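Both complexes shown next keep chain A, but they swap its partner, so chain B is in the first and chain C is in the second.
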Partner chain A sequence: MTSDATTTYDSPSGWRAVGRYGLLVVVSAMVLFPVYTTVVAALKPGNKVLENPLIPDAFTLEVLGDAWTEGRLGRFLLNSLIVAVIITVAQVVTAVLSAYAFALLQFPGRTVLFVVFLATLLVPIEATLVVNRRTVDSLGWLNSYAGLTVPFLAAAFGTFLMRQVFLTLPRDLRDAAAIDGVGHLGFLRHVAVPLVRPTIGAMALFGFLGAFSQYLWPNLITTETDMYTVQSGLRQLSESRLDQPNLVMAGVIIAAVPIAVVLLIFQRQLVRGLTAGGVKG
Partner chain B sequence: MRLVRRRVAVGLGGCLLVAACGSGRSILDAGNEPVPTTTSPPSTTPVTAPPGQTLPSTIPTTTVVQTTTTTPLDSLPPCPVDALPTEGEPVQITFWHGFGTEIEQTLLALTEEYHASQDAVRVTLQNQGGYRQTIDKFFQSGQDSRPQLVSMPEYMLQQTADSSTVIPVGACIEASDYDTAAFLPGVLEAYRTSGVQWAMPFNVSDPVLYYNRRTFEAAGLDPDDPPLSIEELRATSQAIVDSGAARYGIAFDSGVDSGGGWFLEQWFAKAGELYADNGNGRLGRATRVLYSGPSGVELLSAVQSLIADGLAVYVGDNPNGQDALLKLADPVNAAAMTISSSGALGTVINVLDGGLIPNITSADLGIGPMPGPDGNPLALVGGASLYIVAEKGDAEAAAAWDYVQYLVDAQVQSKWAAATGYVPVREDATEVDPLRALYATDPRFLVAYDTVRAAPPNDPSALGPVVGPLREVRSATAGAVAAIFAGADVATSLAAAAQQSDALITDYNARN
Partner chain C sequence: MLAPSLAILVAFVLYPLGRAVWLGQTRCNAQGEDCRSNGWDQYVDVARSEEFQQALLVTAKFALITVPLGIVLGVGLAVLADKYLRGIGIFRAIFSSTIATSVAVASLMWLFLLEPSVGVLSNVGWISDAFPVVKSPGLLNDTGTALWSIALTSVWAGLGFTFILVTAGLQGIPRDLHEAAVVDGAGGVRRFWNVTLPLLGPTLLFVVIVLTTRAFQAYGEVDLLTNGGPQPTDPTTTLTYLTYGGTSIINNNLGLQAATAVLLFVVLLGLSVLQLAGIGRRVHYG
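Up next is the complex of A and B:
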């Protein structure tokens, strides 16, 4: 950040600053309002929820406990975490390896292959849903972690992101390594990956968030409640507890905790990773 | 410190958004709603009957085949009722259903009692999270992944029958000489088509009028005399609005399985009219819908004018079924009445008893028959029924049949209906406790039972439509009803929906 920018932000003058902060306050309030109502509802006992829904005039932690036990959120969260971790790790590995090949190896048909690879980004999951469901069914993978994860082990977006960042690595690095007798895997492991770690972190985070918040696919291939992920569990909670909106809100908060933790830990990487390709250097 | 707090807040907001996005509707549900455009719609003859004539005879019947087509039972999978081993390990079967938690608890308790009563069969209940999810998963699965027993809502009859995936319950009834004399005749008949009893009714519900008795009293109306006809509904709503007892008389929705689809079928039954040709699809396969005729236009015009005149309020498509009911509890712009499934009655009373709604107690809740044409207090059978899945093994089929017989036993139906508010499938269930006691002490539960019983079982109009793509047809009508409630021209909207529905049926019939 330049010193000019710092000056502008630190001592904004008069009405402009008022306007700017006013706008920020309004936008923040809009973003935080649903969060606020969720928290208020989740911390109220059942009979107080619809009375003054915006005012926290009663408090109990019981509802959170009830949501945890009655909604079986422990089991569902565990399923979601297992699924999200497997998908994240696999996506990082497949993306780094394929992106390296696309960025630094010369082989015939490289460009065509990469375009085809990218084209899969244009196919939404809904288009392949039924066919994938049939395939997974015929493999006997309904209600299994294999069925929940295998279709997502590689993602074109990850490959694209990693390829872009590998392309920014100076060619000289690879040449120097080659002269020293370092092979591709050695170069990847000791030089390339450490250099692009922020991008990998950002990609892992996106992969994790995407996998954790999946609803459609897990819902479609699980028929046994034990294999539900947390989003299916929340859906079930909200459909079956029409009379207990506070329980559903408590469930939402519990389900959001892992994402909040992951986001807090990786927030810096997320920002750095996203801006990494933004500045030509 | 401030920075950290902001991060927490932003992070939490972000993940709540992510979590919220995760709980969208099934895309399979969504995908079923648009009407396929691959088929050309059949030529629709404009309805030329003079106004006032509302009987089905006024509707052109060029495609109606008035001969009953029956499928012989021996051309269908047999029911191996004697295949249940009497000793050795119990036979394990899986039962897919879509009941909400409260109702599921009752089903679990009944199943535990079943397990305690015998050693030959063990049932695993698997909740698929709703009717729609159950349907999607059942039809998307291969036969190996399907359960031995599945619960499907009433609108799936033709499609399940056509799917060659089930053993007709009629085959089991015949093979084991099962006595159905005590069943409500219309309830059993509702799940029969082409002469075959495909499914065993299990949970029966129908739409009833929910109303606030205190508002009726405040408006100077008799809370024991709810409106039965559309004209009475208008007069009652006018009295309520004029007296200021409530902002609106009645709340309507346009949900697929409520005001937009199911209720329309109910209204046609009350009018004694067919909703689809070929005797509502019960004499032969339905080829087109008949709801866009003069009586459909007259009916929906009457409802539309209630909304336009401020006597009724339209609450949208009511996806979870609670929006119309919650309008009764609206602290500012309440409605005094709404129409909802009787299957919600147990839950609604529990909610009111739990004190969730500040201004209404369960004693304030009144229940009456759904108002409709001619004030006819009859209702079509709604809810769901049990299908025994084919090709899952003889012992498993016999085990499923054994469990089905248990679930429709008089004593079990008495407990089931008393705990949930569903209508029992047989009359003798009302002669044993706890249902006998409940009907004696709380006549609100009796309304749905009486209206289902009032439907004559030999009249196709009172048995409801059997149409292959009825789920999609309801989506088409729901779209039209939503437009009508928002002020669109009634005849045009209904004609367009009927044309879409006919195209869906033509396409379905060509494929099955």
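Up next is the complex of A and C:
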């Protein structure tokens, strides 16, 4: 999203400049309006929220603290973090391994298996959760990290993406390594993976965001509050405390900030990942 | 090397799909056990049932609102920010920002705006005077506005995504083309329709596919904002909510849930084929 150093800016002057910036500011205000009302509410004491919901005429940090302790958001954020990190790491590892096999190994049934992988891309997650809930239940994994993570430890999209970049590696690289007696795993670890690091970064970012933001699945398999992810925690907070909107909005902010920070740090990976063929919502 | 991925995909994507297809023709007890075959025409019964038809219609309406609106607003924002101006980075960051909201975060922000008793709109005097519906019964409780309210939430949450993609698409259009068009005397509007839009084709096709798929999978917004209601007409019960929603009438019926989930899969599959075949032919791949 950043323009490079050599960009020459147009410098409109007078009314033209006012018009352009004016329009940008007005539209920005419209886009940010729901965020604005959320922040205003979260920073107000309870008795003031409904008086002038558009005007920040009172200020307190207490509500954020209350949301953190009463809403148990620390615990829920930790759960979400654990779940998202496990899923991200596993998805990267499984995708790199299977993509490498599809791109550089010859084995019987390769085409058929690849088609099978691609076919799973067509299956929406909503079509599988009815049965997955039963599977997880029969394994005794309701209310557990295993239940929250195992179904998502591999994703065909990552395999597909990684295969594309592995195919661009020069064949000679692998041949040279083979002559030097380097096996496939060694080659993968020391040559291939370092070369495709940007793609891995983008994939990891999307794996993380997707896992962190999951809504339906955690709600289906967690009934014990201790195992709630932050999204389920927000749901509970909004259902039990809607009469205190400032508390709920404080919870919303606490839940949103980590993702905002991650995105700010990894802006470049975000754009690269989106334009590499997109994400599955 | 393939084994880990293959094991997960088979156990948690292919097997459940196949199993759901089988379960879709059974009747089970409330605990989801003791499932007995009820005949394959159960699929026909479900597809013809009033609840399914209604949910399909709601979902289609939802998609017909969110996809065009999301595209128009996303392209509008991207074109607006596609200027070489000082400080444009800040505006781009703002326009991208909604990508940082999870469905729960975005929905609750909008719940607080729209809720009739504690919501922002109903507590700002001049707004609730001008539009009494925001207070009674409330935009989320009115049969006519509930779906639109959820759609708006969804469009807002998706804006950042569309904006980033379209911006990347715009930056891929060579500046020469615009300059050549200027030399030929084309104004801004003309250039947008004849240069920008055709060259954005592949990007827009991709965005349409993603937004449509998302619309058909919408769940969190419905769950948090309306629970599929307002009763009794359930104008916001989407297909996904019908399948999984806590207040859905098939909530305790595994066979019917499976059948609905499979039909959702079929609908989405049909949509992807249609989109790829229909729109794909009219897209220039630059």
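Everything below uses one rule, namely that the second predicted complex is superposed on the first by the 241 of 281 C-alpha atoms of A that agree within 3 Å, B and C clash if a C-alpha of one lies under 4 Å from a C-alpha of the other, contacts with A are read in each partner's own complex, and residues count from 1 in each chain.
One rule holds for everything that comes next: a residue touches a chain if its C-beta (ideal position, glycine included) is under 8 Å from a C-beta of that chain, and two chains touch if they have at least 3 such contacts.
Note that this is a predicted model, so its numbers are computed, not measured.
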First (chain B), second (chain C), both or neither touched by A:159: second
Comparison of chain B and chain C by chain A residues contacted: C
Chain B versus chain C as contact partner of A:224, first or second or both or neither: first
Which superposed partner A:126 touches (first chain B, second chain C, both, neither): both
First (chain B), second (chain C), both or neither touched by A:241: first
First (chain B), second (chain C), both or neither touched by A:23: second
Which of chain B and chain C A:46 touches, first, second, both or neither: first
Partner chain(s) touched by A:216 [first = chain B, second = chain C, both, neither]: both
Partner chain(s) touched by A:135 [first = chain B, second = chain C, both, neither]: second
Partner chain(s) touched by A:35 [first = chain B, second = chain C, both, neither]: both
On chain A, positions contacted by chain B and by chain C: 31-32, 34-35, 38, 49-51, 126, 129-130, 134, 212-213, 215-216, 219-220, 231, 234-235, 238, 242-243, 252, 255-256, 259-260, 263
Complex contacts: residues of chain A adjacent to chain B: 31-32, 34-35, 38, 46-47, 49-51, 70, 126, 129-130, 133-134, 137-138, 140, 142, 209, 212-216, 219-220, 223-225, 231-232, 234-236, 238-244, 252-253, 255-256, 259-260, 263-264, 267
Contact footprint of chain A on chain B as seen in their complex: 7-9, 11-16, 18-24, 26-28, 31, 96, 100-102, 104, 126-130, 133, 136-137, 140-142, 144-145, 147, 320-322, 329, 347, 350-351, 354-358
Touching residues on chain C, where the partner in the complex is chain A: 1-2, 4-9, 11-17, 19-20, 23, 32, 77, 80-81, 83-86, 88-89, 91-106, 108-113, 115, 118-120, 123-124, 156, 159, 161, 164-165, 167-168, 206, 210, 213-214, 216-217, 219-220, 223-224, 240, 243-244, 254, 257-258, 261-262, 264-265, 268-269, 272
Complex interface listing, chain A residues touching chain C: 1-3, 7-12, 20-21, 23-24, 27-28, 31-32, 34-35, 37-38, 41, 49-51, 53-54, 93-95, 97-98, 100-102, 105, 113, 116-117, 119-120, 122-132, 134-135, 150-154, 156, 159, 184, 212-213, 215-216, 219-220, 231, 234-235, 238, 242-243, 245, 248-249, 251-252, 255-256, 259-260, 263, 270-271, 274-275, 278-281
